[in-house]
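Sending over a structure as structure tokens; questions will come in a sec.
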Amino acid sequence: MREINEMLKKKVSELLENGTADRIIGWQAGEFCYDVTPAVMRKDNLDELFYNGFCGANQSKYLIQESLEEGKVLALLKPCDTYSFNQLVKEHRVNREKVYALGIPCSGMLDVDKIKALGITGILSIEDNGEEIKVATMYGDKTCKRTEVLQERCKVCKGKEHKAYDELLIPDEDAPEVPNGEDRFELVNKLEAMTSQERFDFWRGELSKCIRCNACRNVCPACSCRTCVFDNDNSGVAAKSNADDFEENMFHIIRAFHVAGRCTDCGECSRVCPQHIPLHLLNRKFIKDIDEFYGEFQAGEDDTAKGPLTAYTEGDCEPSIVMEKGGEA
Amino acid sequence: MQKIGVFVCWCGSNIAATVDVAAVAEAVKGEPGVVFATDYQYMCSEGGQSLIKETIKEQGLTGVVICSCSPRMHEATFRKTVEAAGINPYMLEIANIREQCSWIHKNKEEGTEKAIILAKAAVAKLNLNTPLIAGESRVVKRALVIGGGIAGIQTALDIAEAGYEVDIVEKQPTIGGKMTQIDKTFPTLDCAACILTPKMVDAAQSEKINIYSYSEVEKVSGFVGNFSVTIKKKPRYVNSDLCTGCGACMEKCPSKKTPNEFNMGLDNRTAIYIPFAQAIPKVPVIDTAACLHFKTGKCGICQKTCSANAIDFDQKEELITKEYGAIVVATGFNPLKPTKFDEYQYNQCADVVTSLEFERLMNAAGPTKGVLLRPSDQSHPKKIVFVQCVGSRGQSCRDHSYCSKICCMYTAKHAMLVRDKYPDTDVTVFYIDVRTPGKNFDEFYRRAVEEYGVHYIKGMVGKVEQVDGSLKVQASDLLSNDQMVLDADMVVLATAVEPDPTAKSLATMLTASIDTNNFFTEAHPKLRPVESPTAGVYLSGVCQGPKDIPETVAQGSACAAKVIGLLAKDKLLSNPCVAHSDELLCNGCSTCANVCAYGAIDYVDKEVNDHGKREVRHIAVVNEAVCQGCGACTVTCPSGAMDLKGFANRQIMAEVDAICK
Amino acid sequence: MFKIALDKIDELFAALSGNETLYLPIEKSGEIEFYPYEKDAKVRLDALHTVKSAKDLFFPQTENLMNMKLDGKNIQIEEGRHVEDPFVLFGVRACDARSFDVLDKVFLADPVDSYYAARREHGVIVSMACSRPEETCFCNVFGIDATMPEGDVVVWLDTDHLYWEAKTEKGEALTKTVESVLTDSDSKAVEAQIAATKEIMDKLPLKDLDLTRFTEDEMMNIFNDSRWAEMSEHCLGCGTCTFVCPTCQCYDIRDYDTGHGVVRYRCWDSCMYRDFTRMAHGNPRKSQLERFRQRFMHKLVYFPENNDGMFSCVGCGRCLSKCPIHTNIAKVIKTMGVKEHE
Amino acid sequence: MSLNTKIDTETIERISGVNTRKCMKCGKCSATCPAFHEMDFHPHQFVAMVEKGDIEPLMKSKSIWNCLTCFACVQRCPRDVEPAKLVEAIRQAVIRQAGENHLKAEQIPEMLDSELPQQAIVSAFRKYKK
Amino acid sequence: MQVNETNTVNTEEKEFTPLIVAFCCNWCSYAGADLAGSSRLSYPANVKIIRVPCSCRVNPLFILRAFQRGADGVILCGCHPGDCHYSTGNYYARRRMTLLFSMLDYLGIEKGRTRVEWVSAAEGAKFSATMNDFAATIHKLGPNRKLRDLRCEK
């Protein structure tokens, strides 16, 4: 990590220096080692550029705004970010010309909530040694395994190949290994195998926690609408709170439906949920269904392919396939 | 707030017997917006219609709900009625309380309750209706026909006959298409050239028809009635206006070794050439790949020879942009080249030919002057084997899945012609099925078998081998369960029909759709067979699917009738229930355009005023003249920017709410 | 002071929930919130924070104000409130306990918000001292003593006992109803624990946040500070900070058409939202910068200015751990606490 | 030869992965078959008879031992029916039944021929014996 | 015995009459419904039809809205695939509905509360049979309790 950090700083200052881009959207250190913030920097304050294992957030959505501004912006894209980037370019939300995409390697990013979930509180500093994470806390030093505290998306990493870039910090084949991908549909399969009532109870339990803060929506690179239907009083479905269980269901069904076929499975929705609702399991259900019904499709794999909901084949399965599939009634 | 009048029709006893119409009228009086409600015996009668008109005026209604039969029955009637009384025809909603209520329910209480709910749903929707005005667009009174084969010629002649201008774009140096290469036509065996060339001449001489030969369509924009098409005229290097078609240049041209496309490469032509004697226009073209002047900068004999001074080596490609009201696709086909069928030895053996090559070998204007000679040694073949379904009806990657439709008949024709001309020739046809639907078709095939003694064997050829200058054909005879090896002097392959390779790019330009085989798709497979789903684009001939000549001509004329119907209009009134994009909500993601079957959605960079913030945004704009109002875009649009007039999200939700009250 | 052994604590909860609803931190689907006590509920007194703060009990995220019934074209209006039931709110931390003072300034000032007032009146607060603060805690900055929270009753936990002390009349009355399950205790264990906790508090990384600049004199300087731009630049405009905040008190009032009437309800709103305080002419704060600045100006400058110096932040640290991009009030205090270009 | 279990269309189609209903009865498989004249049932008949369920005669036929598995029929079939796989499946069905080895080790010496490649004997033994 | 059993069923039926919303495309299914009407082929009165231009006009929001407002079943009818008046609309509708229904199932909503049927303008009998069958299915499933809005209950 330290090595890459050095390379990154050098490369970024070179690109800003030679005018390839006039600013970078990078990271700024926070109060604690984990509370990094996205920040735009220019030549004069580039020394603030910070990069560590907590710089995992998908920044591609910021490029919508950034690519409207004057000059070229340098974006740091991890392999997984490039999927969202492609998708945004495909949907004309990001002006490709205004972005210089620097592909950076990644060997998995950390989730501080997972560290806290292990009962480690009062965190003062964190040291990431590749395999082991050392945490200094107000209540003594703790350690945990890196694999235990990886972000959800990293556990099902799509691989180290960048799907879009102008330049790579290091060639993909020389990049460090990515975490071994778990089966990303494991939990979806598990839910599908439940009875209908069990699934209902599971999702009620989860969705009833929703406080409708819209973090999942606002962070989502696919949710790039200027005005969301749920904010538009003329849509007939706008609301600011879940006044009834139904609204919790509706918000999350429609949120997932609107990104179906466009969601790259970046997992930001679940990462930012203050209630840790596994929202990615809704998106993954759509992804799994699309793969099964219409053939494997990975949104953002490129910036041209037609999405599965804007395509069809004459022999597509009928909706009644749902009656035959899934768990018990 | 609307002022709504509700009119409940008895339809005699059709409704009144199972629905308490007075109760329905009474029940809706309390609904928001309703200021008047009544019932009447026959709303569609003159009395009923006057009642509506009078009430509109007396009460100052802004909208009308009629509870009656299906809107599919009388919506148009009542739209006219309310319009006559001065309100917008789209401020009308119909509650279907006959077909969907009184006729299917026996219990009056139940029927009345349902009728009330349906009426309330119609009121709820109408409360959100806005007046809609049908858009108008002009119609350019000129048609473009892409492709100058028999399909295109027929369509162009028929359109011209009705008095409209037609332009034909043909990529070859001459019009006429594949039919010019055919010898005789089934089932009458009349000479193809004899029936085609007069039509070519008619087309050339028509004042209304303008032929762009050796030209291609470069770009298409616009929509029904208002297409703008850029045509690329490739340089012939011969000035058409000066050329007299005397042919002296061809005689003198020293480059004589180019395979002659017209004769399927069975003989050679010069670098400057007219494809065939009856070509239209009868103006030569210089093949720059073969011409010594273009290759070496020397020569120029043709220029010296030409007494009309028509040779122009400096001619440049020309782009012409013209407007059209309608576009006809008549791009036709090409026969499959059986290079991947190694078992038939087409690549290796000159005496294995395709059916079209065989046509040329039999044609009096062909390379052998009509004498059937083997290409390998110019000897007369005594044994000929025909193989059907080459490249058709298969599922492997070298086959097409469809039946090419015409091969059975032309093979029977070939077999018959050979036996007629050379009775000492032994002719065998290997077939899977013989398909002869068509007037006098089966009779024709039976004549080949019974009168002309052609051997028809059910079974396919497994391989062809060349042994000592003769061919060994190994095949199965399924009916006698035998495998046979036949000696043959010549093998003729009935190769599949393939859409012209330009179909795909043309379809993209026209936003017309093509199927997996690259045939153009029709707007409706049964009811709109000569229209493409894109308004103003029509289909003629084999570009839509394999056809024989009579069918092609029939479709060409049908297509012309559709075009004439369009061009006869001065203005096009569009259905006002079309999609509309809210420019402040649109993200410009183009998802809507991806699902639009009509190419009705364009993207423009437009300055918008978003609550005081002015900025240029890339947003969707619906072309109302092209949009058909299906609503596919409205659902695919995540932001809800796209909505459908007349069936808006809020309107449908209001109906849902009213029904579920 | 009373005490009860922790292994008998269910008796206390049973007694407290005997006559009225008892709300306390309960874990459901992996997260902890104040839920009504039930026999097999997973009570989590060890948890420092619930996700939503305790304000939800007095100022719920959604509450019906009135129902309107349509009869033909007549409208009948009915009271829609459910605010009269007495309840006990158990396990409120010192920060949340102070938040009620902040909310009182808003909702109990004239004109009194009768919905809030009724709930305050009918609720008894049993607050709980902290013994294991986290790195995000900075209540001390606002003069809050985490070991001695405000409340009708205060409880302390040590490894095996809960200590109980009534602080108000309401608290005394509540104590009477549960006296039977409590035993008398001296305060030694509590004092020892307070001392230990204070030592930990001294190690808190944010304990020295400096609020001295946030005064009326500096108001315009802070307002016009150019550093708001970079701080707010990447704010997602979500409502997470607002909805987890114990002192945010903005709400929206909306009507919902049920098909047979209209429910008028109010729900939390967030000043971070684009449509916050949108009026007929549009929105007074058009950019995220303005919205972002408003939130912190309100908490750190405007509110204390109007309320005798009381900041409307209690240092609970929820926004620090929940903000998707880790922009938070602590960063704002640190940045704006010093003059620009210094 | 005794066949103790009834083999049906479904079994053969499952073993072979062939869908016999795709056949359009063109006979190209038989037309191309180099072992046609050694066979009592021909490739196209395998397809038709399996489709009909007429499998027992095929199991008793010499064709299954005479098919060279050259896959010419598979290569040439315009509808991807793959008749050779059916032949193989029937051969498998026969071999799987006890005592139905077509070739026994002791028979080999008398079949030896100096022209015959060693590999052919080994592969035949593999193909014709359980 | 049997008479008694029928009686019990009848009383239950009276207790629960499912409310069914049917979205029908204008060109095929709405015409099919009209044909059912003119052929006097009955189906339950609690099936209420909403006319839409094409099955692809139906937004998942409309279906959720119906359940929110108290519908017990929602059915979408359109032209048979390949016969869409707008040539491709029902293909998109088919994908959208497949995914939506699958999601509802995933959330534990009873399968069978939603259905898509392709009914042509000539299939009046099919329309009526479909509605009868769907109404029976919903009746068996009982009232929609999992996807309703309590505020909308009477």
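Per-chain numbering from 1; labels A, B, C, D and E assigned in written order.
In the analysis below, contacts are C-beta pairs under 8 Å (C-beta built on N, C-alpha and C of every residue); 3 or more make two chains touch, one makes a residue touch a chain.
All of these numbers come straight from a predicted model, not from anything done at the bench.
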{"item": "Fewest hops from chain A to chain E - one hop per pair of touching chains", "value": "1"}
{"item": "Chain labels contacting chain D and also chain E", "value": "B"}
{"item": "Contacts common to chain A and chain D (chain labels)", "value": "B"}
{"item": "Comparison of B-D and A-B (more C-beta pairs in contact)", "value": "B-D"}
{"item": "Taking each chain's C-alpha mean as its centre, the one farthest from chain B", "value": "C"}
{"item": "Farthest chain (mean CA position) relative to chain D", "value": "C"}
{"item": "Whole-Å separation of chain centres (CA-atom averages), chain A against chain C", "value": "30"}
{"item": "Between chain C and chain D, centroid-to-centroid distance (C-alpha), Å", "value": "81"}
{"item": "Separation of chain B from chain E, taking each centre as the mean of its C-alpha atoms, in whole Å", "value": "36"}
{"item": "Between chain B and chain C, centroid-to-centroid distance (C-alpha), Å", "value": "68"}
{"item": "For chain E, residues that touch 2 or more chains besides their own", "value": "60-61, 65, 69-70, 82, 88, 92, 96, 149, 151-152"}
{"item": "Sites on chain A at which at least two other chains make contact", "value": "229, 236, 243, 309-310"}
{"item": "Two or more partner chains touched - positions in chain C", "value": "256, 259-260, 263"}
{"item": "Inter-chain touch pairs (all)", "value": "A-B, A-C, A-E, B-C, B-D, B-E, C-E"}
{"item": "Touching residues (chain side chain A, partner chain E) in the complex", "value": "188, 191-192, 196-204, 229, 236-237, 243-247, 249-250, 253-254, 256-257, 260, 282, 285-286, 289-290, 293-294, 308-310, 312-314, 316-323, 325-326, 329"}
{"item": "Complex contacts: residues of chain A adjacent to chain C", "value": "30-32, 34-40, 57, 62, 113, 116, 121-124, 137-139, 205-206, 208-209, 211-215, 217-219, 231, 239-243, 268, 271-272, 274-276"}
{"item": "Residue ranges of chain D touching chain B (in the complex, touch as defined)", "value": "22, 24-33, 36-37, 42, 44-45, 72, 76-80"}
{"item": "Sites on chain C touched by chain E in the complex", "value": "256, 258-260, 263"}
{"item": "Parts of chain B lying in touch with chain D, wherever the complex brings them together", "value": "343, 389, 393-396, 399, 432-433, 458-463, 474-478, 481, 483"}
